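Per-chain residue numbering starts at 1, and chain names A, B and C are given in the order in which the chains are listed.
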Amino acid sequence: MSGRNKNSNSLGKLGKSIFNISFYRGVVAIIASLIFWEFAARVHLPVIGMIPAPSAVAGSLSSLIFTGYYWESWYVSFERVFSGFVMAQIIGIPVGLLMGMSRKFRDLGFPILEVLRPIPPLAWVPASVIFWPTPQMSMVFVTFLGAFFTTVLNILGGVSNIDIRYIRSARSFGASNKDIFWRIVLPATLPSLCTGMTVGMGITWEVVVAAEMIASRSGLGFLTWRSYVAGDYPVIVIGMISIGIAGYISSSIIRLLSGRATPWLKII
Amino acid sequence: MSNNGSTVGSVSIRNVTKIFDPEGAHVLALDNCSLEIPAGEFCVIVGPSGCGKTTLLNAIAGFHGISSGEISLDGVPICTPEKMAEPGADRIVVFQNGALFPWYTVMENVIYGPVVQGKMTEAEARQAAGKILGEMGLQGIANCYINEISSGMRRRVEIARAMVNDLKILLMDEPYRAMDALTKSVMHKHLLDVYDRAHKTIFFITHDLEEAIYLGSRVVVMTTRPGRIKKVIDVDIPRPRDLQVLASERYRELKMEVLEAVQEEARKAFEAGEREFA
Amino acid sequence: MQIPSAKPKGDAVLAEITNFEAMAFRLKQWIKSPRPYLMVAGLLLFLAVWYMTTELFKLPRFEKLPGPVAVIREWLSEDPSYGISIYVSEYYLHIIKSMMRVFEAFGLATLLGVPLGLFMGWKKVFRDYTFPIDETLRPIPMLAWVPLAILMWPAREAAIVYLTFLAAFFATTLNTLLGVESIDEVYFRAARCLGSKPRHIFFRVVVPGALPYIFTGLQISMGVAWFSLVAGEMLAGEYGLGYLIWNSFVMVQYPIIVIAMVTLGFIGWASSAAIRFVGALLMKWKVREVSP
């Protein structure tokens, strides 16, 4: 009986979450904003009226979407985000673990981290362009920086927050240092690593977009910036929305992988 | 004896039924419960986990409504299926895990009620609170924050925060759960003192049968879900009570009686595969 | 577990003294331990690697970067060769300009975002109407707004402040909302039991209960404000540290890039520290929680 109860309960919940009043209110709010946006653009309200109207955006979209240039921009930006992000994990995870597990390394490395971290990643763009031989490399480096500090700090936090009882308990079962690393430290740090990755992915997109505007001639960020320079204003909005979708897809992937990697965190 | 000389704070619960989520899961939590609590009684409710004790308390306090029946306070209906009770300072709850505001000090917590109700100025409230804290031996921690004091202290402060109001009934939902035996016995003594002094009705939920008999004037045993009133046992042990009570013959007889009633329900609950609900 | 008993007043004072002594003791232990020396060694190591790669051995590619000696010489020079040092008023002009922008944007974001977030958390109907709009806009990285911001506002200055504001505003609002949602339902119940009217619940439960999250939000907000400011200034600024970085890059005055970067890092760090300090002052109950 309790099983059936549970079932009907979750079905009921699903139905409610789709058809409940909050959902309708949300739809109303978004439609109202769209209408207001269109209206503001038509009557040239100050400031907000300068945003190209939804109708103009839709018009531009229908032609832009069939150009290779548009999809190429997607690809280029994704490639940069992906390379920078993966590099940040490959380097950041071992650094974080090393610093988390060895007090010496932590004392040695932490001040450097704390000195470099407050510098906004974009402030690195010129230095990066000077240093790296190709623009692509400098883009990826700045992207890497965006995610690197978050990864290291989250792992560091994760390792130092491991409940000492787990380690003691493992020791009392006769675990070696190797066992403790692979079977306790690593899984126990996984949730903070996932948090770090989610945050890092957000920062990565921010950085890529701005870096593309500042110092590159390709990618979604550049597409948006060029539309502004060329006076093709509706494309600015398309660029922004595309970036939003791209960022959303990336964080969804991270969230999905995080969920898979840490099944014990699921709420029953 | 059970009446304690008070005239306000009688609660009458008549044929109360509560169904959670009637369209969906349809959980029948309370099934036709009736109970009369005379003014000034120390009424203890026991029953297996998930039997609807908190549900009953919440209905009296005004946190949710009921599906049928009626609850009245001093003859005035406060909760009916049409209209749930408004939470108010005449029925104050001491919560299971405590609900002292951590962002206020002990003193600020205690004066909260009179000040927001506009019954006293802050200065008057401080004076009244100081008196109550003094009676309870808590004056030394008046300026501590909640996170700085022990769980036993917190319970006492929470009772002080309730008693400083002009309340009719004190509703306590397993307040001493998860406390060690020593602390608990200190808490019991303290609550008995408060009860003997204040002449207020107390509605007290617990799992602990010894506590139930030691404290209560009557012990109400509820059945496993759907919660009904299974048995009401009068505790005819005179007050003021002290630890001697625990060694008395009468206490043991009563305990046996309650234990039998509860065990039967606990077994049923276990067999029904009820999960442990907090 | 102790048997609870009333603590005499003197105890509090005693506890403070012992706390102070414990602190002094810990400080002594810390100085005796290898930790502070390792920390200094870490920083020196970093400087040494920087110096050796760029200035001493002039490794390929590294040689193009400004080295620490060049940077510090420029920074401390009374007659700097590229025009920026601690003796030059223009340096401070850039700093003040950036700080003013962040201050305006952060202040506005706090003034609007905190009440908005509190209100969204408190009134469900209000949240139902506003939250979906927030959720639709939020996935768009703040820096993607740069061109639109320039387009929307007639003046560059307003565009930069707007951009900085936008990032800070979202962080503040969202965290405040989370803060209200984090408040245990039991506190609302207790407040209602004790006879609170809605305004009491708002000012005595919602606001203090959400405060820890609000301050987390303000810290994040300050961080993203600097983050966006730099991008805005690089793309559209006249004055400001971000502009200084970009301009020095274009003019091939590389040491100034590093001076501006370090300055940015320091001011950004100091502003976060200031928020932490104010938060600790306002939330004594949280601070004391740590020390049992």
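The rule we apply is simple: a contact is a pair of C-beta atoms (placed from the backbone, for glycine too) under 8 Å apart; a residue touches a chain by one contact, two chains touch by 3 or more.
As the structure is a computational prediction, the values presented were derived from the model and not from experiment.
Ignoring chain A while keeping the rest fixed, chain connectivity by touch leaves one piece.
Farthest from chain A in terms of Cα centroid separation is B. In this structure, the chain pairs A-C and B-C differ in their number of contacting C-beta pairs, and the larger number is found at A-C. Distance between chain centres (mean CA atoms), chain B to chain C: 47 Å. For the pair chain A and chain C, the distance between C-alpha centroids works out to 20 Å. Of all the residues in chain C, the ones that touch chain B in their complex are 1-9, 11-12, 184, 186-187, 189-197, 200, 204-205, 208-209, 211, 283-285, 288-289.
Per the touch definition, chain B reaches chain C in the complex via residues 61-63, 87-89, 91-93, 95, 97, 99-105, 112-113, 116-117, 137-141, 143-148, 150, 152-153, 156, 161, 165, 180, 182-183, 186. Taken together, the chain A residues at the contact with chain C in this complex read 21-22, 25-30, 33, 47-48, 50-51, 103-104, 107-112, 114-127, 129-133, 202, 205-207, 209-210, 213-214, 221, 224-225, 227-228, 233, 236-237, 239-241, 243-245, 247-248, 251.
Of all the residues in chain C, the ones that touch chain A in their complex are 34-35, 38-43, 45-46, 61-62, 64-65, 124-125, 128-133, 136, 139-148, 150-153, 226-227, 229-231, 234-235, 241-242, 245-246, 248-249, 254, 257-258, 260-262, 264-266, 268-269, 272.
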